[in-house]
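Following this message is one structure expressed as structure tokens.
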Amino acid sequence: MKKNTNINIKEIRKDFPILNRKVNGNDLIYFDNAATSQTPKVVIDSIVSYYSNYNSNIHRGVHALSQEATDAYENSRIKFQKHFNADNSFEIIFTSGTTHSINLVANGFKKILKSGDEIIISQLEHHSNIVPWQMLCEETGAKIKVIPIDHNGELVFSEFEKLLNSRTELVFVNHVSNALGIINPIKKIIDRAHEFNAIVLIDGAQATPHMKVDVLKLDVDFYVTSTHKICGPTGVGILYGKEKWLNKIPPFFGGGEMIDQVTFEKSTYAGLPNKFEAGTPNISGVIASGIGLDYMNSIGLENINKYESELLNYATKEMLLIEDLKIYGVSKEKTSVISFNVGEIHPYDIGSIVDKFGIATRTGQLCAQPIMDYFKIPGTIRVSFSFYNTKEEIDLFIKALHKAISMLS
Amino acid sequence: MKIKEIQEELIDEFAMFDDWVERYEYMIDLGKSLPLIESKYKTDDYLVSGCQSKVWVNAELIDNNIVFKADSDAIISKGIIAILIRVFSHHKPNEIIEASTDFIDEIGLKDHLSPNRANGLSSMIKQLKLYALAYQTKINDE
Amino acid sequence: MKKNTNINIKEIRKDFPILNRKVNGNDLIYFDNAATSQTPKVVIDSIVSYYSNYNSNIHRGVHALSQEATDAYENSRIKFQKHFNADNSFEIIFTSGTTHSINLVANGFKKILKSGDEIIISQLEHHSNIVPWQMLCEETGAKIKVIPIDHNGELVFSEFEKLLNSRTELVFVNHVSNALGIINPIKKIIDRAHEFNAIVLIDGAQATPHMKVDVLKLDVDFYVTSTHKICGPTGVGILYGKEKWLNKIPPFFGGGEMIDQVTFEKSTYAGLPNKFEAGTPNISGVIASGIGLDYMNSIGLENINKYESELLNYATKEMLLIEDLKIYGVSKEKTSVISFNVGEIHPYDIGSIVDKFGIATRTGQLCAQPIMDYFKIPGTIRVSFSFYNTKEEIDLFIKALHKAISMLS
Amino acid sequence: MKIKEIQEELIDEFAMFDDWVERYEYMIDLGKSLPLIESKYKTDDYLVSGCQSKVWVNAELIDNNIVFKADSDAIISKGIIAILIRVFSHHKPNEIIEASTDFIDEIGLKDHLSPNRANGLSSMIKQLKLYALAYQTKINDE
């Protein structure tokens, strides 16, 4: 493996303290990366350093700590701006997560959408990219149209084209499906939607851990993700929005920082990005998220992508040797996620047994009930690999899987 | 046998096994001997809520004792509910309400008690005790 | 001092790594505690431990890490339930901060309020407890009425009573004013408001660091605070709500965790508390917040209160000796906050100079423009003491203040 | 004198002081000699935005040179804007636009460059350069 990639897996694994952990007497094998990524020591250290050296509320303080904290916080914004190639740093809004980011945008369109307007989402969406739009439709009378998937789990592009029309106001698709790992053709979707003047939000929660995203090249209107999936801490989300749209939609939270003038008669709102960052933000989290991003970039997303593909191919090949094992989501364009079932065995049973071997997998609906409904299954077992996983871990997983199957059949 | 005695019996049985694999296999076997719920009860009304797999439970009062029947679409959940039913079924509502559940720890199923175990023991125990409570209230009212 | 209280200040200061910091060559004197509190080592350690041992997404995972993380997260909820004496743990909702908590409640009343309904807030509010209600009024046509303050900065209770009537739906008052430190008579306010069937939300962001709050005894409908002010990390807020109100108001964010069933036609919401906790929460933050609470309770809020009162009295006495120094907010019921100006000197000037001596104060409007407008000043300098501050620090501050005044006059 | 030369002059002047107290006192003195803005310009239109204290600036074009006038309600801000005006006033728009601002670091005011300094140098510099840009555009159009 080492010959094919630039990943020095031995060194990388040393960066993650949690990989020393034992679970039920076994070395932890963490295959739940799509739920949240593990945290390298540099990120943990940055949190310790924040609280030990310059913890302070930001933006309004004249004192040194507040200044250092503000600098570090704003510096993190610039890191994300550069990473996503946004035009302006104020087009990067820090939120508490992808879910918050999506709700912020959905709320923003409450006053803009009219009854009869149409919203297109896909059947592959995470609940976080379904429910906010349903709430929006309830308030505005707009209608949701759904891009269907085929039996491989891929979006049917021709059906998407049929849904587009002059009433289409918004299009929401995830970049990568969290349940199946399929990479959607978002550039094509964005371009086609723009021909109808529709505004496009891409949910990148499952894409940013695996590939470089260039919002300018994509010409995407909104792009969202969570940093807990890209080596950052919990509680931080990113919302990229084009300046014109961020100026158009109203603020979501009212509070400190997001206002310019406050009287009891009327308040005027501050400019970007403050308009959307009311209240004390997750300061240490935002700073640590920037360090997490730096860490990933120091390894290189291309290297990560290449290495993870090898893991994906290896695991897929090995797993398909198992009788009655069915993988959901078949596509040439996939991230390192395998969602599967074995015969009639309940995913929960397999997840519970492999856990006893120290292997962390996710089981169930994976916050994507419409996909499970489509395949008429109660859920799947999902293994998702990251650049700190190894082929040896996959071998141990396959062994545990065999044991589970034999116990459960 | 009293509830306490059945629990001790189970603790003894599980103590014979060397590792979790054997314990799980035994639990799965117990699941296979579970008195199954009639299929007409396999509806949402009889579901134990908050489970990742489906667990249906029904309770009837026969000669002042509660008789539980259950099923699940997952084998491990079925084993767990089978253990609970062996402990609690055929006892008076009051006895069920007051019974301790410490034995779970001792038979090595503690990790199923987490609020997180989508198929958790806790929800099932709660459900069984709720049935007992309902029947006890009914008895008191009569 | 040590004779009068049970605070062992030497030992306590050792718990806070940041107190070893030098600023501009001087020992840091942190008097900006009302903006955010400093973080004891146990809290920092708990974050390190989380990311090094059991970082995982919660609630849905069958694997060991997810289980440990969920247990710790839910255990934190129970700690806050006990601390605030709430009836049920599901009445404690974790948010990203006080601002988020308030906006969640304000959003919840959008469908409930009608045009002509009245909302009472006070002139002492933080912007976070003004702007969300203005946004709510804009949407619903409800009207805001303001409880005025007198020249001491105290709420005029008789005016509050005049504002109450059958149209009063909601009353929002902070427990303690962040700008002045005045403790409001919230029990009286709650009881009086309830006579008119009004629902009361108390913003406790400035109260919880200094005193024990019992939501049952208060019979308050909603109580909110941020844990970054009570030795916790940034990015976590608490919303306590009575079960009946939390059931009545709709969810704020749509997403994962907060739903029961999702189809494209309709989603049904999960029960409390999940209904309000969509998306991956700030898991490490919530857990660390529980540790911060434990830490404060290990010292004891009564001890803290007593010690801080001594600091307040000492500093007030010393500061009033300074010519032309005016303290805003005069009341027997005050937390350890002093908001002041010296003659015509701009607060920013004083803040900048004392910063050079390593002293962190806050200057400006303090997110409370209506108070500054009332006193017709551009802002104040605010020093706020915590239980890890000392009289010696106050002495150094007074010295720096004298130097600043002589430089600036 | 060229902008660069004035900057060097300032660096030399500030280098004479031993500590920040003396530097601040000198800056405050410079503030007192600031060419004050006429009171009719002390309105919101002339405010430098994003400041905790109020800083008003106006610019006029006199013989192709920009002449700045300013005032502030805070003494330190007044000192800072006085330094900037001494550097930038009486120069051609183009020269102002292109001027480096590295000297700020060297006179020990770096900490005022933070985005956080509500009275920050950065906003003031931005404002002065914006005036220069506006006049340059006007000159080009003529």
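Every chain is named by a letter (A, B, C and D) in the order it is written, and numbering of its residues begins at 1.
Everything below uses one rule, namely that a residue touches a chain if its C-beta (ideal position, glycine included) is under 8 Å from a C-beta of that chain, and two chains touch if they have at least 3 such contacts.
The structure displayed is predicted, hence computed values, not measured ones.
Chain centres here are Cα averages; for chain B and chain D they lie 78 Å apart.
Centre-to-centre separation of chain A and chain D, using mean CA positions: 45 Å. Averaged C-alpha coordinates put the centre of chain C at 38 Å from the centre of chain D. Among all residues of chain C, those that touch two or more other chains are 24, 60-62, 64, 66, 348, 352, 363-364. Contacts with at least two other chains are made by residues 52, 118-119 of chain B.
Viewed as a contact network, the protein chains fit none of the simple shapes, being neither a path, a ring, a star nor fully connected. Looking at which chains touch one another, you get A-B, A-C, A-D, B-C, C-D.
By the touch criterion given at the top, residues 24, 345-346, 348-349, 352-353, 356, 363-364, 378-379, 403, 407-408 of chain A touch chain B in their complex.
Residues 58-62, 64, 66-67, 70-71, 74 of chain C touch chain B in their complex. Note for the complex: chain B touches chain C at residues 52, 111, 114-119.
Of all the residues in chain A, the ones that touch chain C in their complex are 17-18, 21, 23-24, 28, 30, 32, 35-36, 38-39, 43-44, 47-48, 51-57, 60-66, 96-100, 102-103, 106, 121, 123, 126-128, 130-135, 144, 146, 226, 228, 233-236, 251-259, 261-264, 266-267, 278-285, 348, 351-352, 355, 358-364, 367, 369-370, 373. Note for the complex: chain D touches chain C at residues 20-21, 24-25, 28, 52-54, 73-77, 118-119.
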